[in-house]
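Each structure below appears as structure tokens.
Okay, so chain A shows up in both of these, paired with chain B first and chain C after.
Right, the complex of A and B next:
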């Protein structure tokens, strides 16, 4: 086994272990922290694949953005510090079955189709990503890019409207 | 001429000749790790001493002057005291997260160091998205503070952590925009490209107006991101005892304290790299006697000199400005700094496309 493979297995074990912990722990805040570690593990996997841009975006969006948002909403929730009740047996069995079927389905798909190595060198650079993101020619994504920016703008305006305080009426 | 670059290359070649490449790499990991931890310890001692001396100088007093010549060993004595103190874990805390949080903060501060260039050719990892990597990893540092605040099971800690979170998340934007100005002018995210682009003049001189605005915004934003006065609401002593690290003592508290100073070093090193040319000596024009004289000063001295000058500026802020209120803090970011930095980004783009900067 090469060093690269060993690193891959360590990273995978880390991701899976923390992911399992995040769904089995009975303290909600710990669950968020385990999720955070799992996402960092995924970023590590991207670094292992030498796609640094995706890895950095993974950290910015998921770790620095979404998990922080989750933690903030936990802070503002009542009784989030309590230990949650144990799940009933029926739910545990159902969860286990769902996991087994999901695993079987994925395994079957991989078994039938397999992974094909294209052999082509994987060329990515920030310039290339930028050009295709705003390009209108082939492999250009300018329309989806603009649609997403409109969506974000709408979300931003919505946030401002929700957060806006009504001005207290002036006393005559 | 003897240089750090040569030393690093000699060690690298010797390791690759003596061991198989995988083992050589692992040994290099260990060497780099030991060097970084050593640098951390040194920075902790030096910067805390510097802070105390600067504050005493600003307040017309002597500061620490008992241990060693001029009190130089005061921080060593303080560290020894902190090491032998009991690391208490109060009842009612979330033990796992409470003990992990200081290390999370430290590890993130260490990871940010990877793409920085400390001297000519002395860099741990020349990653092609260096600046983005630093911005990405530093956005994680808030997690350690949130963890500490939550796990302490203390109202003050929780409030401090919430304030710190809101502050870091909002000021990250302005810092990011300020960094982007330099990225636009250079046309690359790689730190070594950014430094090489400043060989004929630092960006603060070459880039004129947009870079000056970006530099001022960068300094304000990083002061807020490192939770220092006048933005130290997260640990405001008079309101929240000590904010998110109220419950910590002994070495665990020392780790938070150390991480704060190391973060200051990292952001100042980034500022020196982006705006003041990293290790590049001060050059005017090409091939003058002045330039040749400047070349004799080693590159590591240039880098450290610029970094420590910026650290001094940040300490200057701390001892001269009063603390802001939380609403003033958020107003400053969202109503002033963010619009200014957005327009500044447009201005920088126009200047970069038209080539209106000194080349």
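Right, the complex of A and C next:
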């Protein structure tokens, strides 16, 4: 077993273990922290695959943005030390069965398909990504780029409108 | 190739997807459901990057899809949290069972 394989197995165990803890713990703040570790593990997996750009984006957007947003909203809406109510046993069993069967079926499909790596080196660079992201020729992604920028603008305005407090009546 | 077959990496992403599904099924708190959703989106991202790196190494489309999914996940989380905070103001609770008036 090479060091690369050992690192992969450690990373996978880390990702899956923290993800399981994140969906099963009953303290909501701990759940957010386990989610943070799981996302960092996924970023580590991208580093292991030598796709450093996606790993950096993952850390910046997920770990630095989304988890911090989730933790802030927890502080705004919950007592952080509070223990959540237990899910009913029937629901837990049904969910576990559905999940296990779904996992088994999906993994069986993947096994039967037998994906084989081509073994060619993966040549990406930030320069290629940038040229292709704003390119209008073949393999250019400038139209989705613009659409996503419109979506971000709409989401920003929507968030402000939704979360804005209604004006008190006497001010009008 | 690092000595790891593609199937093992796909195993991780599929397991992460179904862990997220389990959270979505059992949790009744909106913020924890949102966290499970983030796990699911992450597993999809791993899939895109793996397929791009190992099966189509001369293309970049998987990376673009991963980047766009990350962007949309960020926007979606922001909108969801705005809605949750607004709901908490009016209902004093973020449990999905208490937010059922919209059904009628």
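Here is the rule we go by: the second predicted complex is superposed on the first by the 155 of 172 C-alpha atoms of A that agree within 3 Å, B and C clash if a C-alpha of one lies under 4 Å from a C-alpha of the other, contacts with A are read in each partner's own complex, and residues count from 1 in each chain.
We adopt the following convention: a residue touches a chain if its C-beta (ideal position, glycine included) is under 8 Å from a C-beta of that chain, and two chains touch if they have at least 3 such contacts.
Because the structure is predicted, anything quoted here is derived from the model rather than measured.
**Q** Would you mind checking whether chain B and chain C clash or fit side by side on chain A after the superposition?
**A** Aligned through their shared chain, the two binders fit side by side on chain A.
**Q** Should A:68 be classified as contacting the first partner (chain B), the second (chain C), both, or neither?
**A** A:68 contacts chain B only, not chain C.
**Q** Pick one for A:129: touches chain B only (first), chain C only (second), both, or neither.
**A** Second partner only.
**Q** When the two structures are laid over each other on chain A, which of chain B and chain C touches more residues of chain A?
**A** Partner with more touched residues of chain A: C.
**Q** Look at A:29 in the shared chain and tell me whether it touches chain B only, chain C only, both, or neither; answer first, second, both or neither.
**A** After superposing on A, A:29 lies in contact with chain B but is clear of chain C.
**Q** Output check: A:84 vs chain B and chain C. Expected answer is one of first, second, both, neither. What do you get?
**A** Touch status of A:84: second partner only.
**Q** So, does A:53 touch the first partner chain B, the second partner chain C, both, or neither?
**A** A:53 sits against chain B and chain C alike.
**Q** Examine A:107 and indicate which partner it touches, taking first as chain B and second as chain C; both and neither are also allowed.
**A** It touches chain C, and chain B stays clear.
**Q** Could you state the shortest Cα distance, in Å, between chain B and chain C after the structures are superposed?
**A** 14
**Q** Please report the chain A residues shared by its interface with chain B and its interface with chain C.
**A** Correct list for chain A: 2, 53, 57, 65.
**Q** Which positions of chain A touch chain C when the two form their complex?
**A** 2, 4-5, 8, 12, 15-16, 19-20, 22-23, 28, 31-32, 35, 38-39, 42, 45-46, 48-49, 51, 53-54, 57-58, 61-62, 65-66, 69-70, 73-74, 76-78, 84-85, 87, 91-92, 94-96, 98-100, 102-103, 106-107, 110-111, 114-124, 128-129, 132-133, 139, 141, 144, 148, 151-152, 155-156, 158-159, 162-163, 165
**Q** Can you list the residues on chain A that touch chain B in the complex?
**A** So the residues of chain A touching chain B come out as 2-3, 27, 29-30, 33, 36, 40, 52-53, 56-57, 59-60, 63-65, 67-68, 71-72, 75, 81, 125-126.
**Q** In their complex, what parts of chain B are in touch with chain A?
**A** 22, 25, 94, 96-97, 127-129, 132-133, 135-137, 139-140, 142-143, 146-147, 150, 153, 158, 161-162, 165, 169, 172, 189
**Q** Quick check on the complex: what are the chain C residues that touch chain A?
**A** My answer: residues 1-12, 14-23, 25-29, 31-32, 34-36, 38-39, 42, 45-46, 49-61, 63-64, 66-68, 70-79, 81-86, 88-89, 94.
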